[in-house]
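Written out below as structure tokens is the structure these notes cover.
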Amino acid sequence: MTPTLLDIHSVSLTFPGVERPILSNITYAVQTGDFVIVLGSNGSGKSSLLKLIDQRYQPSSGKINLDGKLLTSYRDKSFHCAVKTLTQNYHESLFTSLTVLENYLLIRQQYEPNLLAIKTQHESEFLQTYLSQFNTNLSSKLNQIVDQLSGGEKQALALALTVLYPPRILLLDEHTSALDPKSAEQLMSMTQQITEKYHITCILTTHDLAIAEQYGNRILALRNGKIHHRIENDKKQDFNQENLLAACY
Amino acid sequence: MMLASLISAIFTQSLTFLPLALGISISYSLLRATDMTLDGSFVLGAAVFARLVTLGISPVIAGLCALIAGSLAGVMVSFIQRGGRVDPLLAGVLATFILTSGNLALMGRPNINLLTQHTLVSTAFAQSNLAGWSLVALYSLSFCLISCLLVRSRFGLMLRALGDNPALLKRLGTPVETYRLLGFALTNSLAAVSGILTAQTVGYADVGMGFGMTLTGIGAIILGQQILRAMLKRTTLRVAAEFSACVIGVLLYFFAMNGLLRCDINPVYLKMILGIILIIFLRSAVNPNQKRAQS
Amino acid sequence: MKKLTQLLITLLCVAALASCDQKKPSEITIGIIEPLEHTAMNEIVAGFSDTLKQLYHQPVRIKVENAQSDANLQRAIIQKMHDANYDMIIPIGVGASQMSLAMVRDQPIVSLASDLSDSTRQQLHPCNVAVVHDEISAKQLIAFVHAVYPQLTHLMLIHSAADKVFPEVTETIAAGKAVGITVDHLMVATLPELYNSAQSIPAQTQAILVLKDSLIVSGISTLAKLAADRHLPLITSDQGSVQDGAAFSLGVHERQIGVEGAKLAAAVLNGQSICNLPVVNMEKLTVFVNPNALQKDSQTLAPIQTAADQMHYTIEMTKTGV
């Protein structure tokens, strides 16, 4: 059996002044290599769950372990290298007023503290090849400001930069929902290729049952902050849209 | 003849204002923080310089001390803001409070006369006006150039990233507070440079001399940006363009002010007319772009 | 390209306009710089213009420009007067005077209501300035207060953080000490603070004193009410504040500053060397009295009358009383 990577143990989340808990008593374990799909209607607590894993929120009770150690026991920097988030809002993952190359350099300096030692010429050659895997247009736009890219290009860039140094866990919070169906489809299949290639464990929230059916190997359905239904890998036959619809809504 | 003197008036007035405007531009466009302390740091530079010079200290050392004092003012603001516990605008207001009485305490009185003092530029001005202003230009432009290079460097990249997305920069493991501190130190010492140069060219340091300077600066910079955007047909400006916008804006502001004054327009109406001209100008300059975007 | 042309056209228009301020060669032009909008400034200017007309009979054009507390604008105004070769520049106040001296080396300057000392003036190369001081000395002021109220021992001085007030505060305290008056002082940085700060003046205070301090004077009605409530005389150092509710003041007619300035200007225009003209101190002091306010403060006119007569000051009742 594969070791447990992420262990969520009876976690609840309440906000002061809000009566109903956002999440209550969630227990769930994620193994290395999982592609977990979190389904649920708006307000079911999907995004909050990701924010707890990302440490943007702290649980009101319960605990979350990563590799058997409490999340809070990790140093900031090593935690943010291990767990990365991508949302539909690319503003959160990119410096939108800077160029593509500058964005890359800033990610690079996380692992290469001596920024001055980075040679721009050398890096831009590498970046061109690297980006061409994600989006063929991007590699010719190194000196363009991110704001001037198209929506699909921005999301592709955000994904490319997020996995430039592959994290242990990639949290995807409806990262395709702002795109048109074709771009969303492209981005989703690219996400799958990349996570397989780099053995990244993925937790993805979505409303799109088709995505859940096609990409997920485990499904977690939330309703009103509680686990409503779960489908595991060995019951893949349950992965049909009717079942899923019944599970969530 | 009149045109020549108008041009020289515009340039001489712009020269001492330019470092402050650059400081405002860095804080406004790159760090995305409207730092209200810059008024205070402008006076602080003038105050420290004037006080030390009248105490008989060499103008070079006095200038350096004033520069350091300016950067310390920036450090103070970033400490007040630290960790986002105090709203940036409020932090600026608080720092300005502290600086207002601090400047008065430093100077010992509200106004120090530098007319008969030996300053950084007094010898050059004694030779000729041209020599004096060339020296002022040398000081002003070299500080502007240094900060321009700084902002274009990797250090500047961090500052721009900080202004763009501080949360992301923090997640990347960058000590954002350190960069915020350095950024504010840079902008406030630029304001101090302006103060030092202004005090020497107008002959005095005064606790009230910074009144409205930041607002004028922001106005001039926005003007410059709009014009440059319209001319370049771009919505976002790169670093070099931001600096050019700053220079263009400052020159235009002083051009308009001096031009209108020389037309015998009563200064009481000057700002109103200036405002109206700018509105007409901006509307005609920006409109075509918007029409294109809508269609 | 279209926009570039627009820009150029706008620039050219302004440039064309810029050359419109042509000075007639035969006419004498004098530029007066008011640093901010203030009634006192207008009085000074009126005094100057009227007197100069009487003393100098050639055609004179007087241009008055107001900088509205904007240092950039003040600088542009002085620069313009310099570039247009004005025959004389008259800055009013400390800051405008220092700025004019720093920027103008080759035109005569008559500095009004400034604190420029004769020794500073002699150090300038070339020395191109004549000066009219407007401050009555702290000694004179305290001596008068002492003459009016010989029994007075505790005086409250309320002042702002503004230009030139600081040395006067020190002098006033020293002058008070010399005649046995303890001068407590209270600094008020902004007008809204005035009411609250003034409430806290100590109980032993016997009179409130205000110098020629524009911030405090602009809030004089607040102090007038306090003075009436506490039955204390409110003594000031200018004409306007008495009109607005102070009991009495020892000061000069603002107009008189302009008159003295015009005498210096006429002397320079008639060819006298500017640097040899003496620094003029305002000597003709006037006691301004507001009978209504005096009554409200529970004071009488008699001691003021006696003191004024004794010290040979003219006494003047204000017409518009509160």
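Letters A, B and C mark the chains as written, and numbering starts fresh at 1 in each.
Following the convention adopted for this analysis, contacts are C-beta pairs under 8 Å (C-beta built on N, C-alpha and C of every residue); 3 or more make two chains touch, one makes a residue touch a chain.
What you see is a predicted model, and the numbers here were worked out from it, not measured in a lab.
If each step moves to a chain the current one touches, what is the fewest number of steps from chain A to chain C?
The fewest touching-chain steps linking chain A to chain C number 2.
Which chain has the mean of its C-alpha atoms lying nearest to the mean of all protein C-alpha atoms shown?
Smallest centre-to-centre distance to the global C-alpha mean: chain B.
Which chain's centre, taken as the mean of its Cα atoms, is farthest from the centre of chain B?
A
With contacts counted as C-beta pairs, which pair of chains has the highest total?
Greatest number of C-beta pairs in contact occurs for B-C.
Measuring centre to centre with CA averages, how many angstrom lie between chain A and chain C?
Chain centroid spacing, chain A to chain C, equals 70 Å.
What whole-number Å value describes the gap between the mean CA coordinates of chain A and chain B?
43
Using mean C-alpha positions as chain centres, tell me how far chain B is from chain C in Å, no decimals.
The mean C-alpha positions of chain B and chain C differ by 31 Å.
Which part of chain A faces chain B closely enough to touch in the complex?
76-77, 80-81, 91-98, 102, 105-107, 109-110, 115-116, 118, 145, 147-148
What part of chain B is in contact with chain C in the complex they form?
So the residues of chain B touching chain C come out as 2-3, 5-6, 8-9, 12-13, 17, 100-101, 104, 108-111, 113-116, 126, 198, 201-204, 206-209, 211-213, 216, 227, 230-231, 254-264, 266-268, 270-271, 281, 284-285, 288.
Chain A touches which residues of chain B in the complex?
It is residues 154, 157-158, 160-161, 163-165, 167-169, 171-174, 235-236, 238 of chain B that touch chain A.
Using the touch rule from the top, collect the residues of chain C that touch chain B in their complex.
2-4, 6-7, 10-11, 14-15, 17-22, 37, 65-73, 75-77, 79-80, 83-84, 94-95, 98-99, 101-103, 116, 120, 123-125, 161-167, 189
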